[in-house]
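Following this line, the structures themselves.
The same chain A turns up in both complexes below, where it pairs with chain B and then with chain C.
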Partner chain A sequence: MLDVSNVYDTFPRFLSGAGVTLGVSLAGFALGTVIALGLLLLARSRLAPARWIAAVYTSFIRGTPLLVQILVVYYALPGLMGIDLSPLVAGVLSLAFNSAAFIAEILRAGLTRIPTGQFEAAKALALPRHVVAFNVILPQLMRNVVPPMVSEFTMLVKASAILSVITVVELTRTAQHVMTETFRPVDAFVTAAAIYFIILYAFSMVARRLEHNDKRAAR
Partner chain B sequence: MNDMPETEPAAVEITGLNKWYGDYHALRDIQLSVAPGERIVICGPSGSGKSSLIRCINRLERHDKGSITVEGLELTDDKKRIRTIRREIGMVFQHFNLFPHMTILENCMLAPMSARKLTRPKAEELARRFLGRVHIPEQADKYPGQLSGGQQQRAAIARALCMSPRIMLFDEPTSALDPEIIKEVLDTMIELANDGMTMLCVTHEMGFARQIADRVVFMDHGRIVETAPPGDFFTNPRQDRTRLFLRQLLH
Partner chain C sequence: MQFDLAIILDNWQSLAAGLARTIGICAISLPVGFLLGVAIALLRMHGGRLLGAFAGAYVELFRNIPFLIQVFLLFFVAPAYGLRLSPLMAAFVAMSAYTSAYAAEIMRGALLSIPAGQTEAGYALGLGYPTILRRVLLPQVLGYILPTSTNLTISLVKESAILSTITVPELTYAAQNIVGRTYSPVEVFTAIALIYWGLTALISALTKRLEIRLQPHLISRRDN
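Presenting the complex of A and B:
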């Protein structure tokens, strides 16, 4: 049975664990989006080797388990590059590398949903390239990609639990610590699960609200 | 420039124009000279190359052979030159292609501010003036999706006019509209024609052609089959192909 006073006593630690979970997920997602934009540019490049790099990267990420990717970043990358990575940095990097492949695909699909007439109108108006990108295409792309981007982010929050294996003290690792100290696994993991659920549910509500507003603005 | 011709150059001068899409020969030996202020209506069956022709003029399509000269400037692959020529040409599309996330006013202000470097107040003044000219000044702050098709198309015309183009291209501007709305767009175009704008207009609105066209160009299979003033074109077409087309149009 759940021991309410035990949960109450350990709750601050769960909150800080949840903070780390959110932090690494947000940072990984943001960096992943930047890498995804780079991948998108590579994939649409006129140079075949650039397209090839993007394709290999994407199939590597999709074709290997996230856990293995994390271990590669944490153990193999420092050896290869001669730099030491803290678990936290390695964690953020691996989430970023992983999500980049999926975000690139989301952005690509979002771009194809913008009618060609929009690009043609922009050309006919002799708009400079940066105006086309930032004032015409990007706002429409954002509208197209909000729902899949939020769902990718929620995937990432869940995936971040695996970072516990490289000793990042996020929510899941916190629950493991609390369990070994209190010998109450039910309290620890039910609390962690509840917090995960609240975070993800909140994001899905925000996403629905955004989608709803966009639909109205688009009418 | 030291090689200015003595006479005013044609607004658009097209010679020996050919275009292929892969193996498909879409435009064949097109020859067309449009004088400043002239109004050309282009008609012809579906797939005859009407859109391809006018889209070559502002480089939405690249031509493969021949030359296109706009206001004395030949279209080449040079990006700056393409930009310069596009600034002289306004285009109105069948499906309006307004930017859905901007208000009508913002749609109209974007090109003046970024391509012509006008200040915001100047661009707004210009935009409101042209929205007045197409008779939708009260729609300025709405989004495209809140307007009727006819209002959207007039907004698109205003947006193109805000670049102060010397030439306007229309690609079937009324064929996506309900019949009862077509007239308001045509009336706007007639006013524009009466103001002396150089116009190339792909349309099957033959009443409009009779009223404003200086010449009607009939295309078939990528060729210009016949060019004639509307009086001759409609009452006394020279080519059998034209006669057949007109008969089908009137069914």
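Presenting the complex of A and C:
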């Protein structure tokens, strides 16, 4: 049923679709990390309303489907704010808004795993604040945070398939286009599924390996 | 831009019907998928090399392909191989299969977390594996399974929104229909976001109570 020559002919389009998938995921992840840092500051703020905002935001993101978040960003946000967003911008924004809630949680958990003695020792040695942040805390935070961050990025790549609904021409949308042009759903979707599997499986192997190393180092 | 509440009030019946469909699909797929998942976990752990590898491949395939693509494979590709399903049937099959892969991993993690000595002690007492599983392992596994299953249930509810792409008349599809008729995306999409939020909050509140009910000894006094 699978027509190999047809797959071969359309394969370059799938590759560029996969490139867009990785690109929007990476952009969403980078922007999401920035938003997550803001969320973390809000969550650790001394002002109660700031903490509430962070808590409500996180709860909303975790409690609603990404598809609905995308529909809200693409269709509802322009109506509310009076700005028009292109599908690509709306897609990256919704991936960023979504991942921010999860990245903030990863960073928070990573910070709590650093013993307070580390902060106290740095203070006792009268190290300047930037040295404490970059040479004491950050290296330890990286070790706690990188493995779950890789998993989160994997989740984001997987979730980015939903962007096809708002016509971002990533891997899934490419498959839909190819299907309507060639009338061969088998070729189109099996190819897309195989490419997704290779990308996602590779990333999850990396995440697993990192977690494993992390556990060994902690012993 | 103003928020016109009348649009929600005029269409509340289609939204309610969509919500009922969403809940119904999840309520049926979850137990079916979970039972299938337990079987796959056992197959992966005790099924020998061939069946174990098959179960492992099953889990990895479902976990590493986006749910949207799984749904498309079932709805657009399976008919070419003689499996023609209505949107609703495709929804049940896709959701159950997706659940089973994640449930299998939850079960496997839970069973692996119990010291091997427990199983060995069971064998030493002359019990067969089914009895050990039912009387020794499963009761201990509950505390591990409940919180992770809550997360799985919530992500199942969220993934069910994707079924709208194959015209399953659940909540998101109902919303898209209303938007198509009234052209008021702000009100309708905000409304269903709030409905989903309420539904998942309700699920986590209910399972929290279930956890306390089933395992009072694991909850510290302070929390009660």
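Methods note: the second predicted complex is superposed on the first by the 204 of 219 C-alpha atoms of A that agree within 3 Å, B and C clash if a C-alpha of one lies under 4 Å from a C-alpha of the other, contacts with A are read in each partner's own complex, and residues count from 1 in each chain.
By our rule, a residue touches a chain if its C-beta (ideal position, glycine included) is under 8 Å from a C-beta of that chain, and two chains touch if they have at least 3 such contacts.
Every value quoted in this text rests on a predicted model; they were computed, and no experiment measured them.
Engineer: Clash or fit: chain B against chain C, after overlaying the two structures on chain A?
Structural biologist: These partners fit in the superposed model.
Engineer: Taking the superposition as given, does A:44 touch the first partner, chain B, the second, chain C, both, or neither?
Structural biologist: In the superposition, A:44 contacts neither chain B nor chain C.
Engineer: After superposition on the shared chain, which partner residues are touched by A:59: those of chain B (first), chain C (second), both, or neither?
Structural biologist: The answer is second: A:59 touches chain C but not chain B.
Engineer: Could you say whether A:208 touches chain B, chain C, both of them, or neither, answering first, second, both or neither?
Structural biologist: Touch status of A:208: no partner.
Engineer: Now for A:179: first (chain B), second (chain C), both, or neither, which partner does it touch?
Structural biologist: second
Engineer: On the A-aligned overlay, A:113 touches which partner chain: chain B = first, chain C = second, or both, or neither?
Structural biologist: Neither partner.
Engineer: Is chain A touched at more residues by chain B or by chain C?
Structural biologist: C
Engineer: Compute the least Cα distance separating chain B from chain C in the superposition and give it as a whole number of Å.
Structural biologist: 18
Engineer: What residues on chain A does chain C touch that chain B touches too?
Structural biologist: none
Engineer: Can you check the complex and tell me which residues of chain A touch chain B?
Structural biologist: 115, 117-118, 120-121, 123-128, 131, 135-136, 139-140, 143, 217-219
Engineer: Along chain A, where are the residues that touch chain C in the complex?
Structural biologist: By the definition above, chain A touches chain C via 1, 59-60, 62-69, 71-72, 75-76, 79-80, 82, 158-159, 161-162, 164-165, 172, 175, 179, 185-186, 189-190, 192-193, 196-197, 200-201, 204.
Engineer: Where on chain C does chain A make contact in their complex?
Structural biologist: Those residues of chain C that touch chain A are 1, 60-61, 63-70, 72-73, 76-77, 80-81, 154, 157-162, 164-165, 172, 175-176, 179, 185-186, 189-190, 192-193, 196-197, 200-201.
Engineer: Under the touch definition given earlier, write down the residues of chain B that touch chain A in their complex.
Structural biologist: Residues of chain B touching chain A: 58-60, 83, 86-87, 89-91, 93, 95, 97-101, 110-111, 114-115, 143, 145-146, 159-160, 163.
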